[in-house]
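A, B, C, D and E label the chains in the order they appear, each numbered from 1.
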Amino acid sequence: MSETAAVPAEKRVGTPALELRGITMRFGGVVAINDLNLTINEGEIFALIGPNGAGKTTVFNVVTGVYRPTEGQVLFAGGRIDGKKRYQVTKRGVARTFQNVRLFHNMSAMENVLVGTDAHHRAGLASAALGLPWHRREEREGREKARELMEFVGISHRMEETAKNLPYGDQRRLEIARALATDPKLLLLDEPAAGMNPTEKEQLQGLIRKIRDTGRTVLLIEHDMSLIMGISDRIAVLDFGQKIAEGLPAEIQSNQRVIEAYLGVPADAS
Amino acid sequence: MLLEIKDIHVHYGKIAALKGVSVEVDEGEVVTLIGANGAGKTTTLKTISGLRPLSSGQILFEGKDISKVPGHKRVLMGIGQSPEGRGIFPGMTVVENLYMGAFARKDEVEKDLQEVYDLFPRLAERKNQAGGTMSGGEQQMLAIGRALMTKPRVLLLDEPSMGLAPKLIQQIFEIITEINRRGTTVLLVEQNAQQALQVAHRAYVLETGKVVRSAEASALLNDPQVRAAYLGGGAEAVAPPEG
Amino acid sequence: MNDSTNRNPLARARDGYSSFSDSLHDRWASAPRWARWVVYLLLIVLAIILPADGIGSFMSPYTDWPTLLFFPIGGYILLAIGLNVVVGQAGLLDLGYVAFFAIGGYAMAMFGTKAGWSFWEILVVGVLLSALSGILLGAPTLRLRGDYLAIVTLGFGEIVRITANNTNYIGGPNGIGGIPHPPTLTEWTIPDNGLFDAIGIGGVQPFKYGALDGKPYYYLMLLLIVLVIIFAKRLENSRVGRAWASIREDEDAAELMGVPTFKFKLAAFAIGAAIGGASGVVYASQAVSIIPTNFPFILSATILAAVVLGGSGNLPGVILGAFLVAWIPERIRGIQEYRVLVFGAVLVALMIFRPEGLLPSRRRKAELAEGEGGMGSMGAEVGGPVTVGAGEGAE
Amino acid sequence: MNNLFSQFWPYTIDGLSLGAIYALVALGYTMVYGVLRLINFAHSEIFMVGTFAVLGTLHLFGMPANVGGFALVGLVLALAVAGGVASGGSAVLLEYVAYRPLRRRGASRLAALISAIGASLFLQQLFARLVIPKAFNLPKEKGALPVQGHFAHKSDVVHIGGFELPNDKLIVIVGAVLMMIALDMFVNRTKLGRGIRATAQDPETAVLMGVNIDRIVTATFALGGAMAGVAAALYMLRFEETRFDVGFLLGIKAFTAAVLGGIGNLRGALVGGIVLGLIEMYGAAVFGSEWQNVVAFSVLVLVLMFRPTGILGESLQQARA
Amino acid sequence: GGKSKSGGGDSVTIGFMGDLTGENSGLVIPPKQGAQLAIDQYNATNPKVKITLKTYDSQGKGEQAVPLAKQAITKDKIAGLIGPTFSGESAQADPVLEEGKVPNISSSATNAALATHGWKFWHRVIGNDNVQGSGIGEFIASSLKAKKVFIIDDASEYGKPLAATVKSTVEKAGAQTSGDSIDVQGSDYGATVNKVKAFNPDAIFFGGYYAQGGKLIKQLREGGVKARFLSGDGSLDKGLAQGAGGTNADGSVIGCPCLIDPSGTASAASKKFATDYKAKFNADPAIYSAEGYDAATAYISAIKAGNTTPEKINDYLSKIDVPGVSKEIKFSSTGEPTATDVYVYQVKGDQLPLLGNAKNATVK
């Protein structure tokens, strides 16, 4: 995480990190995404919002290789990643969290993060079975890195606990740590604040900023407007699989179409 | 007193999730439980419905101890729940899901079905769609509608606004008020404390398995401590502009 | 019905056993390195004197104890360790594991009788062949989930057996006879006096292999088991073991965290197959002749029972389980035709008594405690305070 | 190959009647799997119990020799009831003894599978060593031998457009299909059926709907067992003999059929059973009977490679969440 | 090793191994009783060295027979073994006996390959499947004059080679053949029946045991196949007719390298044996009872001659030449018996009356 951090922020903004070109995703009769074009720049926090069922999670699934898009291309760091195997996408530098937490429930928090660090480890079966020195070195380094990451997201006091016994908020943080362990250039967060209370949401906001400040790009799905408006650099709004608006937070907030489709006419504060 | 929970303790394996929770719900009320993640809100609701066993304590419904009554019988007595995560039967159509709500009943259900359709016209439109393919908000409506089909005396709602778009959240809270107005008692669990407190009459605050406060909802809404902990300082600041 | 649970003697026995095995577990986890080595050493010494007659007369009044120790006991243990990699670690349900045992056995028989190779050469080749067959089976089928894989592997086990039966080149139903023993390494004899005689291993030639004396074979098996345990343990605590665990927990999430799940599942299959094959090679070299009916489906089921009964995923548990399923039917040979009947009942009773296995891994135990073992929350519905499910933790 | 062409119709009839029995037995696997995610390994013994109940009933009728025509249909109906009751009852008992305690403790599916295997061994041996010798008055060591009971008039043949259809095979096929339709309607149209489906999809939520899970599980075992009992009656009509391990291979095949069709899917059981029966017969015709099972399992692998959740896919619980 | 201390005293143990409780135990109880009879008669003469007969129930399975054989050698220190009774278990257990240097005489394992391993301690008192197969094959070709023969086997270590010998014998005699294998665990032989129908043979031979044989006949007859059914010693039990049901099996011809002679017409010895057997077990001598008796007789004469250790007994066996009930007890250097007659029996209701020697018997 240190190499990119050295580059000044203003220089990076503007270089595309992730590009979706003409993505369409169909499930039988359902068109979940319809001819979507989207460019996310290096070093920004980009938010994807929209009504339930608009296709946001599907975008994540297409980017991370869970689905192969029916049409269109996904470009990341200059190369196409659509149709690539999921673990290859991860190795290229895209990591994600899940809308419904999907930790390895019965493994300890530490082990969860270690699985992430393993993404870049090389030791094979033989060196592991024989306990060869470079395998041991990797193991040591992995642990070191995992420890740092758990400190970074603020759960270092629960390292040895079984994942599912962590409070929900900590589970979400652990998911983030695990994703960061794969050393991603682009981090996708799917409703990270769901089920958090306002205080926790504020802490989360700080964490996401910190992640961006280590030089990573963040693509974020959220329904919580205070969070979105508080940290996003840019926002795109999806409805029925189509992009209906894109722009700065202030622009989106006052966009009539967005208000109709998504925000609703507020009776009271969010 | 319609529902009375007396000093209940509940465990997951060796972990204590509830360490003495007492809650009272009167006929016709909307009562809300608020609290941080893992405070034990869901566990409380599950225990009321009989999905988790009690280690100690008592649950009284209309004055009768129901602690030993199996869950499916509690539904018949009038305890309905819309669970966290909605629990839609994905392979069943919308109507079939709704009929499941009336599973244990022997009386006329068509009238109630109509009432649910009145409350959620969207469900009537999508009658024959498989539950699993409905969008998040639609599933939430279905879950609430289905719980209403059990003809509950008291309706337990577990985070009905979770994961919903802002526009839908407003609708859901309006519907809760409407349900209550039509005569159903509601016990509401919410992260969205601000709005929960606005629709509720009374509220309990849960922290790590214990009730730490209980008061009129409006009182908590204006309590600085509660505001700081559960309502978030800047909540109003970023509200979308009017009109 | 639930009130009495904690008072009835079965539940009490269960809790008693549970807290005993827990404390053992904890003590082991916190034991210093040297203490562990002392225990390992003691275990090895125990294993060496195990075939002694004095022990045998109690353990096996009806059959020859050292032979029994070699097979089924030793053989089952090796098989169970191998199957544990597949089932316990990677979470892939394999109901046709006997196929690899058969392939190892046939490799020994074929190369031993037709090519005249020696045991040690064949051991290597047999292990490689089995691993290869594991890959061949796995490659097209490992994308299947859960029980679909189970039935396909069951089918594979049957295919291997029937094909052997129908292939005249490998003897068809007559199998292959005249399989050579491993060459005698040395005629060295354990001195026939004093201590050795007292513990009953005096006069044994531990490196001279023959059909009649089970002891040298037992030591050979023991050596293999120890080696395999070391490998298996190392793998378990490495990136490989973590990858398997993550696949077992949530395959999609694992892949999205950069785990090439298919490759690791295939590796689990290959390693499991290799260990099964090794067991087959040793078995065949001692059996002198093998026929297809030596490799029935029920053997796969028995090994699986060993793994689950002992505590899927936990090596000491798996070894204990294998020991029991191999030993119990022999020990109760006295009741003759009722022994399988009793064995079946014992399986059911043990599973009811200890669904998580006799010595479960920490993880499995956790899964059970919260009732998410996999039959959904089918047991979750409550009848009253303290149901059986919560019994353990509630006090 | 020549065999297949010259005897195509008989092979097809044999395949259908074999497949029909697979299908009926497969229903029990599929229903229990759908609701509990458990491979009920002892289901084959439930079937076995049914065959002996049928045989016992025949003895009760004094082994009517060579019944034909409508009398035969009536007799088969009576036997189906006997088999259905015995198998259904023993399935319920099995659940109560071998699975319910595990369920209560939240045991893993593997643990339940081992309990199932144990129960399967136990039941087989119980019959071989105790029940059969007692019930049929045989010396103790003969309990493992086949027991016969010949009753049907097998020379009656029905002609359909120039093709011959032996009466027993006709009854088997028609009987099985009728039972399948009845069960399918039951599960899809009745309240109890809806309860079964709901429990299969989400047991916890089902409780919140007032579903008594224990009752549903009992009903599932009873229904699946009863189907196996009917299958047992049809089987006895066809083969007129049984033994303690009659269920072993048949059970494996029936489970294969369930998976082939898409486990958890009732119609899949029918499709899987019929397809498997036909494949076995055609395969045996082409490659020789000794390869019959190899062909069956190979086709299973092939089908699953292209359709990983079986021909019709899963449905009692539905894959998408 | 089992260098025996047995026989030192005044008692010697002889083992009997076979399927005593398993599904084909019907074929094994008779030889066991035959052996029992011989030994009881011997012990009743109050000899210097008494013989105890110890039984080992292998259920006919190799994996059970092998450990039992080891135990018999190392623990029970038997001086000789009668059995194992089936070919499959023999193939697995015999090498162990060979290494343990314990003589063994099988009363019924007929697989021809058993004699090809150069075993020195192995013997049998029964003609092998080459003898049996060609005997039955010739009967089919010359007596039945069948031109088209369908050969079925049960894919077992006994049935498959036996069927193969019958096949090659009838082919040599100019008959046309076709064949199929059935699965012992299956119950639907429809595919085989259809194949038979397509081939339309004059005679059908089945190599296998009666449990499957009966079912096979039944399904063949139900399928409308009328051709004559023949089988070997594995089907020589009334269970065949029971399994076939009704009169389905009637007229079927079963060959066996054994003479079953309940009325004792063959010889005086046979007569005495039949009477004694009936008196002791309240049953007629059945398949291989006489061979069991003869195997025991071989050991008895060895012991009478003063041999009590396994190796000495084995030496004696290599030179033995005494009259037996079924045939002369005399072994070739490979352990095969010298007399090799094959007899055919015909199913009539639930009886299996002798037709005569396969060489010259005719069917009515």
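Simple rule for what comes next: a contact is a pair of C-beta atoms (placed from the backbone, for glycine too) under 8 Å apart; a residue touches a chain by one contact, two chains touch by 3 or more.
These numbers come from a predicted model, not from an experiment.
Participant: What chains touch chain D and also chain E?
Facilitator: In this structure, the chains that contact chain E and also chain D are C.
Participant: Among the chains, which has its CA centre at the largest distance from chain D's?
Facilitator: Farthest from chain D by mean C-alpha position: A.
Participant: Return the chain whose centre of C-alpha atoms lies at maximal distance from the corresponding centre of chain C.
Facilitator: B
Participant: If you count the contact pairs for each chain pair, which pair has the most?
Facilitator: C-D
Participant: Taking the mean of the CA coordinates per chain, how far is chain B from chain E in Å?
Facilitator: Centre-to-centre distance between chain B and chain E: 77 Å.
Participant: Could you state the distance in Å from the CA-based centre of chain A to that of chain D?
Facilitator: 49
Participant: How big is the gap, in whole Å, between where the Cα atoms of chain C centre and where those of chain E centre?
Facilitator: 38
Participant: Hunt down the residues of chain B that sit against at least two other chains at once, touch-wise.
Facilitator: 15, 50-51, 70-72, 133
Participant: Which chain D residues reach two or more other chains?
Facilitator: Residues 141, 204, 207, 213, 290, 293.
Participant: Would you mind writing out the residues of chain E in touch with chain D in their complex?
Facilitator: Those residues of chain E that touch chain D are 20-23, 25-26, 29, 155, 180-183, 185-195, 197-198, 211, 214-215, 218, 222-223, 239, 242-243, 245-246.
Participant: Across the complex, what residues on chain D touch chain C?
Facilitator: Residues 33, 36-39, 41, 97-98, 101-115, 117-126, 129, 140-141, 203-204, 207, 213-214, 217, 252, 255-256, 259, 263, 290-291, 293-294, 296-298, 300-301, 304-305, 308-310 of chain D touch chain C in their complex.
Participant: For the complex, which residues does chain C have touching chain A?
Facilitator: By the definition above, chain C touches chain A via 231, 234-235, 238-243, 245-246, 249-250, 252-261, 267, 271, 363-364, 366-367, 370.
Participant: Show which residues of chain A lie in contact with chain C when the two form their complex.
Facilitator: 64, 66, 85-87, 90-91, 95-96, 98, 102-107, 111, 114-116, 118-121, 123, 125, 128-131, 135, 138-139, 142, 162, 164, 178-179, 181-182
Participant: Using the touch definition up top, name the residues of chain E that touch chain C in the complex.
Facilitator: 1-2, 21, 57, 61-63, 66-68, 70-71, 73-75, 87-88, 91-92, 95-96, 99-100, 111, 113, 117, 155-157, 159-161, 181
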